[in-house]
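So that we are looking at the same thing, I have put the structure below in structure tokens.
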Amino acid sequence: MTDRDHTPDLRRQTRLGFDEAVFCAHKRTEQLVRIMDHAHRDQRSLLLTRLSPDQLAALPDSYRDSIDYDSLSRTGICGAHQMPGATPRIALVSAGTSDSAVAAEAVRTLQYYGEACHEIHDVGVAGIWRLLDRIEEIQPLPVVLAFAGMDAALPSVVAGLVPGVVIAVPVSTGYGVAAGGHAALNATLASCAPGLVVVNIDNGYGAACAALRTVKALDKVGAKP
Amino acid sequence: MTDRDHTPDLRRQTRLGFDEAVFCAHKRTEQLVRIMDHAHRDQRSLLLTRLSPDQLAALPDSYRDSIDYDSLSRTGICGAHQMPGATPRIALVSAGTSDSAVAAEAVRTLQYYGEACHEIHDVGVAGIWRLLDRIEEIQPLPVVLAFAGMDAALPSVVAGLVPGVVIAVPVSTGYGVAAGGHAALNATLASCAPGLVVVNIDNGYGAACAALRTVKALDKVGAKP
Amino acid sequence: MTDRDHTPDLRRQTRLGFDEAVFCAHKRTEQLVRIMDHAHRDQRSLLLTRLSPDQLAALPDSYRDSIDYDSLSRTGICGAHQMPGATPRIALVSAGTSDSAVAAEAVRTLQYYGEACHEIHDVGVAGIWRLLDRIEEIQPLPVVLAFAGMDAALPSVVAGLVPGVVIAVPVSTGYGVAAGGHAALNATLASCAPGLVVVNIDNGYGAACAALRTVKALDKVGAKP
Amino acid sequence: MTDRDHTPDLRRQTRLGFDEAVFCAHKRTEQLVRIMDHAHRDQRSLLLTRLSPDQLAALPDSYRDSIDYDSLSRTGICGAHQMPGATPRIALVSAGTSDSAVAAEAVRTLQYYGEACHEIHDVGVAGIWRLLDRIEEIQPLPVVLAFAGMDAALPSVVAGLVPGVVIAVPVSTGYGVAAGGHAALNATLASCAPGLVVVNIDNGYGAACAALRTVKALDKVGAKP
Amino acid sequence: MTDRDHTPDLRRQTRLGFDEAVFCAHKRTEQLVRIMDHAHRDQRSLLLTRLSPDQLAALPDSYRDSIDYDSLSRTGICGAHQMPGATPRIALVSAGTSDSAVAAEAVRTLQYYGEACHEIHDVGVAGIWRLLDRIEEIQPLPVVLAFAGMDAALPSVVAGLVPGVVIAVPVSTGYGVAAGGHAALNATLASCAPGLVVVNIDNGYGAACAALRTVKALDKVGAKP
Amino acid sequence: MTDRDHTPDLRRQTRLGFDEAVFCAHKRTEQLVRIMDHAHRDQRSLLLTRLSPDQLAALPDSYRDSIDYDSLSRTGICGAHQMPGATPRIALVSAGTSDSAVAAEAVRTLQYYGEACHEIHDVGVAGIWRLLDRIEEIQPLPVVLAFAGMDAALPSVVAGLVPGVVIAVPVSTGYGVAAGGHAALNATLASCAPGLVVVNIDNGYGAACAALRTVKALDKVGAKP
Amino acid sequence: MTDRDHTPDLRRQTRLGFDEAVFCAHKRTEQLVRIMDHAHRDQRSLLLTRLSPDQLAALPDSYRDSIDYDSLSRTGICGAHQMPGATPRIALVSAGTSDSAVAAEAVRTLQYYGEACHEIHDVGVAGIWRLLDRIEEIQPLPVVLAFAGMDAALPSVVAGLVPGVVIAVPVSTGYGVAAGGHAALNATLASCAPGLVVVNIDNGYGAACAALRTVKALDKVGAKP
Amino acid sequence: MTDRDHTPDLRRQTRLGFDEAVFCAHKRTEQLVRIMDHAHRDQRSLLLTRLSPDQLAALPDSYRDSIDYDSLSRTGICGAHQMPGATPRIALVSAGTSDSAVAAEAVRTLQYYGEACHEIHDVGVAGIWRLLDRIEEIQPLPVVLAFAGMDAALPSVVAGLVPGVVIAVPVSTGYGVAAGGHAALNATLASCAPGLVVVNIDNGYGAACAALRTVKALDKVGAKP
């Protein structure tokens, strides 16, 4: 089965403005090695998401050592990447400490693609003064990522208070009806705040990519003479 | 099938402190008539819930005319009932105009059992200043009923701000993932606000009964020498 | 129940940059009249969504006549609104004729808020050449709304081909597993295309608001000296 | 990522009458340590819920030793807490031995906040005489917590027999359609007993908080001259 | 399409001891007529279930007049059928008036096949004394059919009190989580009472057939010398 | 909105070997007229599926009269179509009379594309002798379409008995857990018979297209010298 | 928490004719020990179900040694129990080897209560001749337990062929849509075979109890003079 | 329980043209050994699917050594099997590296039954040029197996481009709404491409069997004089 292999989407950078990341969940060691071989051969950098500590440990030493690994977000970065700009254009708001792994995936993805972000954590609506105290830091930014599990009321409240693009990331924390993040997902999709957009449960990477699409559109406008 | 008939729970007043209401959905005209016959014979008052205009119209004239009917809440009241007290102990908060039918069922139920309530409507979290402007009216009351469809973020925010018993009533308004009220139900059950309790979707009657149980407990304490 | 009334979110324009629309589903005639009374008194324009022909017909003559009604999208517009700019910045792509009602809701919403859009219809993936033939019209635009029911493969394909913000709108057309749009919703949330964002099923209005948030962010950048 | 940290809701005691508990599931050791650092610095007591034996074991020795841990309920208490009153005002009823972990979470929460409770266990409806034998112990109390998994018929039967506030806690024990507690949840929400209220599956903590809200309202009435 | 026709299971009487009934839902007039033609030709009796008043009205006069129709149960009986025995061996218990249509389908089915049943109605667990008052009428019978919608606690309680075969029939009455009868179905399947068996939601016909299978087994034992 | 229009997939015949059908559900009269205008202009035949009697009645007279309409299957055929071959290569088996509308959609589709089929109806597994009596008619054919609602056991039994390609079509007939056809769908997907393939619930058209793909592959082999 | 203890249903033998079994899943060692202490003290026998090897191993030696443990069914029997009769009245049919653990739970339960059963295994409908070859062994018996996972077509086929009481036991074997046994459950509930009754997924114990209820009813008839 | 044993379907080769495979999930070592004993005794070859490394390791040495095991697909082959033909008639297309285990199950199954297949991997629609580049390799083949998880858009696109029988295999890779493969399954069932057929999630074996049924039908036609 020699050609049961991967076909990297090398033209993605040209089409979309950012290259392909490697979703590592469900991948076997030999598949990861083959992907890293190709990238190494072509001198491409790599963003690895959902890379478990066990998967990392199973890689050959030289490959493992070449990865800048973050255990909270389970992301690895190989090779050079862009430096984030000084002034963040993206705010990142989370409802609770339990959302931090998913939020970290977004932060690392933005970092890999050279975007800084302004983080505000643990400001869920059970004590809404925590958000209201800091809402003015968020209001001027063109993009906000809002992370919340359980009832996920935070993204609705944020989208009712700020004019930017608000991207909700439902998080799978919780138990009972909240288990798996479906209650959070449905709450954000059903939001009464106008224009809130949503990504898949726990998809910090996807939310970061959506933010990238927005700031790249801003860049084009800003670049016009 | 002469004994396919109803068995009224006549001892409920004694056990629970309030008598049985008649849930009219799915009942046929002859069943409603038989229930009204019994109540009339025993000189009992009746609260009829989920009574559709068509069901009302199909009743014999004398029975129809004896009913104080409210088309918004689809409730009917037959016979005398207690006068609500002057000072409400129960607050009723709703997120949007679309919740008014369910909220009205609660108001009518409380009215039938002699409880006033303080109503604040259309204060959903998409414009959270509307709730914050009026939160001080709610804070002193021992019981709050919070009605919301869609993402149902309102009950969580309320329960984070007031110390009383907060009873969430998810409402079936909405479309897509919100249709039927399951997103609202799950959001209230998964609430990060401590001690929020929940009743079935659209169950304004049940929420009112829970409020009654609470204020009757207060009455007992207040009555102690 | 004199204060069972609505509390318009009059500060929304200031906070978010666009005023509140009226979601008419589940509202009774008297509620719609009261909302129109308030708007008329304050000389505010109104966007009415999910307004059924029956609801329209039940309004008093003068109010009905003041509404610019579109039966496909079930939207009504009262009063003046902004003129769309000459050059669209928003593309609108739909998979099939059955998606046209939802797409029309987005078009009308954008029109009310003064945004033109470039529409391309009936280009679902069962005959993918239809999309590929026209992809170059979409690629330069900063925002794309992609409407699809059934398997909703179109938004994924679009988001893999263009660099802008792509907002998927799952549509409830279909039968069997597609009924209600949940298969379409899940397919867009699970998309393998990076950075695709999603709104609730049939939420043309919400998708338009998300597009507005994006183009308003572009306006701010463009307005900088 | 230095500010990916927690924002304790220090004003909760003032707003709600009881302070914030720490939900430990999904939290990492360093997050728990940071939370305990803050509490220690401020000389605040802490209630820790869903604290697994593994999480406990991973804490630094001094912190681990400062925790009064209960392995059945997976709760930890740090620091001083109020003494429960002599006469319980809260009854706790459970259907089976399998519900004991969730019931214990409620007992420990009430204990932390200084409330005694009267416990009656293993009285599910398969042998209903067990409940009927002891119903008179429950009837006088203003609040009842009813725990049940599987078909969760117990809370309905209790709410039909006693006048107090009855809070159902569906439990995730069971297999097949009962797995995860959704059958129990739906049975309690759909209860034909008037005014039964419900919390999330396995949410012993939340049920205790709801009971606290009720008894604190009683305290206020009782405290009036 | 001349052979798109029905293939009656004429050997069912021999195999199972009772002949085939006609499930009329989804059937068109011409299909019903063809089935009645065949039965008439062969001088077979017929039990028609789920026959709507509209379907009945659309039949040719002579066929319509030959049907003994019951509008509550939506059943029709054509031709002769056995006389029920004097002493019922089957008890039928229902939780509320709303269950009567489904219960009536069972009664009519039993009647068609010559079995009497002892009916006790409206004895749901919200007022459990109603059932306890009459439990001794049920205990001696070898088969009990228990009908309940909403939380369907009744069948569990019954199966915990009587030794016979208890067949639960979940009923689709109810709203919110109870709509469609799934909460009732799951509650009966998850019952903690040992040996409760269940049929599909609203399947009064099926429950009657299961009862028939049981009493026919009793007949065989009784018939042994 | 002049270009909110359809984009017919005119190259489908070349790519797939059969032209595009028109799925009429959710389409408005003006959309159907525009589609028929195009077909008429290009002298193309049309297969219209899910065309309701109301939609048919709303068409202009000349268009309505040009349609060969079948009310059972809700299909319309405009223009010439191929003559079915003399010897059917496709068997069509259905479990009950209630499946006939869906089966008829398949028959009409096959007829439009020039394929005969051998039909055997009402042979569900409750009386399995009906199928066993006729299994030898099915065994020699290379393709079998098996239609069943409720528990959909028929397709599994067929696929265990015949060597050809067996395509299961779950049907939405039934009530309770069978409502909507999901139980039937899952039963066919979970089939223990090897190689059974499945289409969407009620998708008679899709099953026929799958059969067409198979017989066209046979034609190619047969056409080889 | 000294009275967080169990309340054995000692009167069950009198009410139902068989004593209470101990469902061990979710029980802790100390709870199992306490239950065995009570039984030992009262000289009662015990049937333990869902007893995992780990739970068994954690018991004190003397208790572990007193248990007749069967690892396939995960059942333990302590103390004396009745001898099964020579001639089985209960047939047990299973679709595949994967159903054997659940079937074994039923066999062991019947054995504990003194009933023999006639077992026929691995006769699923993918090769229906296997069932047809042995159907005559099943037909004379008054009760049949039918075990099947996946599509669970077997119980429907059996109930169409034999006159006795047929109790379907859906089994949680399978993957994809079959995972967890819900497809099997729904297929058996939706069965087109008249009078098939169903128990919860994997509930071999419950099915055995239902069979016991039936044969005890037969015993009463047989015992009459 | 000596006859709790398996009943191999030895006539399957004759009926269907291919013999029975052994689905090893949920089987215990002694059951696997018994099945291998029988096969060895009868000198039959065996295809073992879903055989975990742990199950393999637990087999007696001689049996373990006789198995040609593939760890990616978790399949084992014992004994001789047919040689695949030189020219593949079956194409196998997969969307991503994560689908390779399921695809490998199909390849191994086809190999066991003597069919070659042409494999094209990692060509999901996020970079659709990868598929379009190679579509001409697929178009001439009579059968295509299309594997995809997540949104599973690939099978729809393929079925819109090629005339052969296209069999979709939804794969359970993914997280959030994609977890378990239900989003992928529903997307393929809801496909707008005509005649796409579907098997259960992760059912590589079943897809291969469906392909076998098709090529065997082709063989019969080709074999005709």
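Worth pointing out:
So that you can tell them apart, the chains are marked A, B, C, D, E, F, G and H in the order they are listed, and the count of residues begins at 1 in each.
In the analysis below, a contact is a pair of C-beta atoms (placed from the backbone, for glycine too) under 8 Å apart; a residue touches a chain by one contact, two chains touch by 3 or more.
These figures come from a predicted structure and were not determined experimentally.
Between the contact lists of chain B and chain F, the overlap consists of C, E. Across the assembly, the mean Cα position most removed from that of chain A is the one of E.
Fitting chain E to chain F on C-alpha positions gives a rotation angle of 90 degrees, to the nearest 5. Simply put, of B-E and C-H, more C-beta pairs touch at C-H. As a whole-number value, the distance joining the C-alpha centres of chain A and chain H reads 35 Å.
Our note on geometry: chain E versus chain G, Cα centroid distance of 26 Å, whole angstroms.
We define each chain's centre as the mean of its Cα atoms; on that basis chain F and chain G are separated by 43 Å.
Each of the following residues of chain E touches two or more other chains: 15, 20, 96, 126-127, 160-161, 176-178, 182, 185, 189-191, 194, 200-201. You'll find the chains touch as A-B, A-C, A-D, A-H, B-C, B-D, B-E, C-F, C-H, D-E, D-G, E-F, E-G, F-G, F-H, G-H. The touching residues of chain H, counted against chain C in their complex, run 95-96, 124-128, 150-153, 156-157, 159-161, 174, 176-178, 182-194. For chain B in complex with chain D, the touching residues are 15-18, 20-21, 142-143, 160-167, 185, 189-191, 194-201, 205-206, 208-214, 216-218, 220-222, 224. Those residues of chain H that touch chain G in the shared complex are 1, 3-9, 11-12, 15, 20, 23, 25-28, 31, 35, 50, 170, 172, 180-182, 185, 200-203. Contact residues of chain F toward chain E in the complex are 72, 96-98, 100, 103-104, 107, 119-123, 126-127, 129-130, 173, 175-179.
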